[in-house]
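Structure first, then comments.
We just call them A, B, C, D, E and F in the order they show up, numbering each chain from 1.
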Amino acid sequence: MVYITRKEHFNSAHRLFRPEYSDEENLRVFGKCSNPLWHGHNYLLMVTVKGEPSRETGFVMDLKKLSQIIADKVLEKLDHRNINLEVDFMKGKLASTENLAIGIWNELEPGIRCEGAVLHSVKLEETENNIVEYFGII
Amino acid sequence: MVYITRKEHFNSAHRLFRPEYSDEENLRVFGKCSNPLWHGHNYLLMVTVKGEPSRETGFVMDLKKLSQIIADKVLEKLDHRNINLEVDFMKGKLASTENLAIGIWNELEPGIRCEGAVLHSVKLEETENNIVEYFGII
Amino acid sequence: MVYITRKEHFNSAHRLFRPEYSDEENLRVFGKCSNPLWHGHNYLLMVTVKGEPSRETGFVMDLKKLSQIIADKVLEKLDHRNINLEVDFMKGKLASTENLAIGIWNELEPGIRCEGAVLHSVKLEETENNIVEYFGII
Amino acid sequence: MVYITRKEHFNSAHRLFRPEYSDEENLRVFGKCSNPLWHGHNYLLMVTVKGEPSRETGFVMDLKKLSQIIADKVLEKLDHRNINLEVDFMKGKLASTENLAIGIWNELEPGIRCEGAVLHSVKLEETENNIVEYFGII
Amino acid sequence: MVYITRKEHFNSAHRLFRPEYSDEENLRVFGKCSNPLWHGHNYLLMVTVKGEPSRETGFVMDLKKLSQIIADKVLEKLDHRNINLEVDFMKGKLASTENLAIGIWNELEPGIRCEGAVLHSVKLEETENNIVEYFGII
Amino acid sequence: MVYITRKEHFNSAHRLFRPEYSDEENLRVFGKCSNPLWHGHNYLLMVTVKGEPSRETGFVMDLKKLSQIIADKVLEKLDHRNINLEVDFMKGKLASTENLAIGIWNELEPGIRCEGAVLHSVKLEETENNIVEYFGII
């Protein structure tokens, strides 16, 4: 079993808040991340897939294919977008890095399975100091 | 003459657009950076000051003071804010990295001069691949 | 289960040596790290906590709280300090990165448990080439 | 149980191809990585070893010894070399990052075991976006 | 005057040698970089352009255009190539980082001038420890 | 004219203080950097040399020679040392990053001149956020 990881980037706007809270309550719970006029990040995404290297190619999975799946299913939806307002798989959810990593896992898993590989983890850095990793439901 | 640099970070939302353009024109000129619902970045800011080291302290300028000026004049206004809508010194300007670097220079220069030091450059990374540096009007 | 990581930094002096050894023996075993007049590092600390994201906040644990616990229990004691002489939880121990990571785990674990989260790992980089990770007693 | 990691670097040339394929078939399967006149990378290697810290030294394993084993068994053979043509343990294998990580594991494991430590993983970055990790046969 | 920088990457094989030298002489002068079967690097390229931000766009130069010029004139020729054997503008030259930076300058300068901007510098990192910068003939 | 830069690292202990001050005064002026029992850093050193590439080698200066001069004149004296107590060229000076960069310049300049090259700058990072650059007396 070998693990391969592809790093990608996207730049998005978001806001942490609950619609039923007042701005003051949101500020108390979520701090400046609740700013009603949005802020944003350069997200760094690391997708890890596991499997045995093919005898034919030496690859666990062709990284160009993995990169294409990430582009189609994740970057196309998130890059230069507003996570709260424009991303279908985040509708009705808090736009925390945790929920975003789970959402990205769910977007990626079927396409990676179709290619005969196994998604191992989705790691998401909101800033270089704040990092989330999700391994699916175990 | 010695040059000292302080790195700081801020996370903001912005949009590149001209209000007199249609969304289509903005998209043609500014690409996905013109998304009307905003996107954002982890900006990396490097402020360089020059001078002779003090005999008393060995410092060109106390980096804690420089860091405090940057916090008061720049981070307070930009961090977790919408650059187009909430930043006084960017009102009426295109929110390009170039204009932002010039704006930050103008915010910082008087306070640094007050401390007896000379502002040399403001360097601003929007992403790790897109970097702007401004040295003032020479 | 989601894993969140907070990165922090501290700058400390230390020395690798056994008091019962002569300087020559310490030099032979620990190399230049045994220099009797100390040396130091910019330590990079990564604390990973695991749990399920809260329905209320979308957070496994509020990173501001995690950061505060790290500041109170670890940075306050280690930053700009001499690890051999000034850090209570390292008294009588060799100041290796391994022992320091274990010590930091023991400092952090009760406070993180109090917040309802589970400490998963403490990763400590002494230099960018020398890295230690500790997962507790398993 | 504590995990320690040593980072090292090497710069090599390689090519992805199958000798029984035509250049066109290799290009279709391996893309520009199949260029017959080679290309190359700055490989980043992270070797992780696990064990209990020694009471005598505080070390899981002396990183100078680990670094020496990596130099003798891996860097000496790979650094400034052609992976396809000059590396004994890669003869007859596709020079993919996956196969290279497995080959490096096999080179390192006996020497690390001799030192009383346990090799945990070999992580290899071909570029900062393409990363492979191998944990041995489990 | 504002300076903007675009970072790009390419992965190439090369060899440092003089054809009139024996392998032994090349080894003495160029060390392991003279390996006759090649080695390679992940080159990091930083291209800096200067000018006044446009009133229309806020840009010194559209980074997408700059990126396109770098792709067409430099990456297309260098990425996944053998610098000694396949790159027209390096024919007959020693494949040192210095000569490569000068060659890249000469490839880029006319296209950037056509866009009304001024090329300021070409910075090229062969490894993270070896860096060359060229400012043209002054 | 081409500029080449070599990056090196050293790990040292230091303290910012004036001996004629009390500990309280030192704390007021230098903050926690004045801790009497020392602290330390992973210093990152970038030495830039300028000249014309040799027709014989394509090099402004052989980076192995530059690296050797830095090792002999700087790293040998500073690495795993106490800057205040053990470094001859820092005796009697405040151990600020500014003074250290000037001291390193003076150590390196004659040896680089002997090799027919011109020292352009000494850049020293105490932490990734605090950086000093010195260009000599101009």
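Here is the rule we use: a contact is a pair of C-beta atoms (placed from the backbone, for glycine too) under 8 Å apart; a residue touches a chain by one contact, two chains touch by 3 or more.
Computed from a predicted model, the values in this text were never measured in an experiment.
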- Joint neighbours of chain C and chain A, given as chain labels: D
- Would you mind naming the chains that touch chain E and likewise touch chain F? B
- Mean-CA-position distance for chain E and chain B (Å): 29
- Query: Once you find the CA centre of chain B and the CA centre of chain C, what distance in Å lies between them?
  - Reply: 34
- Rounded to the nearest Å, the gap between Cα centres of chain B and chain D is 42
- Would you mind listing the residues of chain E that make contact with two or more other chains? 128
- Spell out all pairs of chains that touch, sorted by label. A-B, A-C, A-D, B-E, B-F, C-D, C-F, D-E, E-F
- Please give the residue numbers of chain C that touch chain D in the complex, ascending. 16, 18, 29-31, 93-99, 101-102, 128-135, 138
- The answer for chain E against chain B in the complex is residues 1-8, 46, 48, 53, 56-60, 63-64
- Task: Would you mind writing out the residues of chain D in touch with chain E in their complex?
- Result: 9, 11-14, 32-33, 35, 37-42, 79-82, 85-86, 127-128
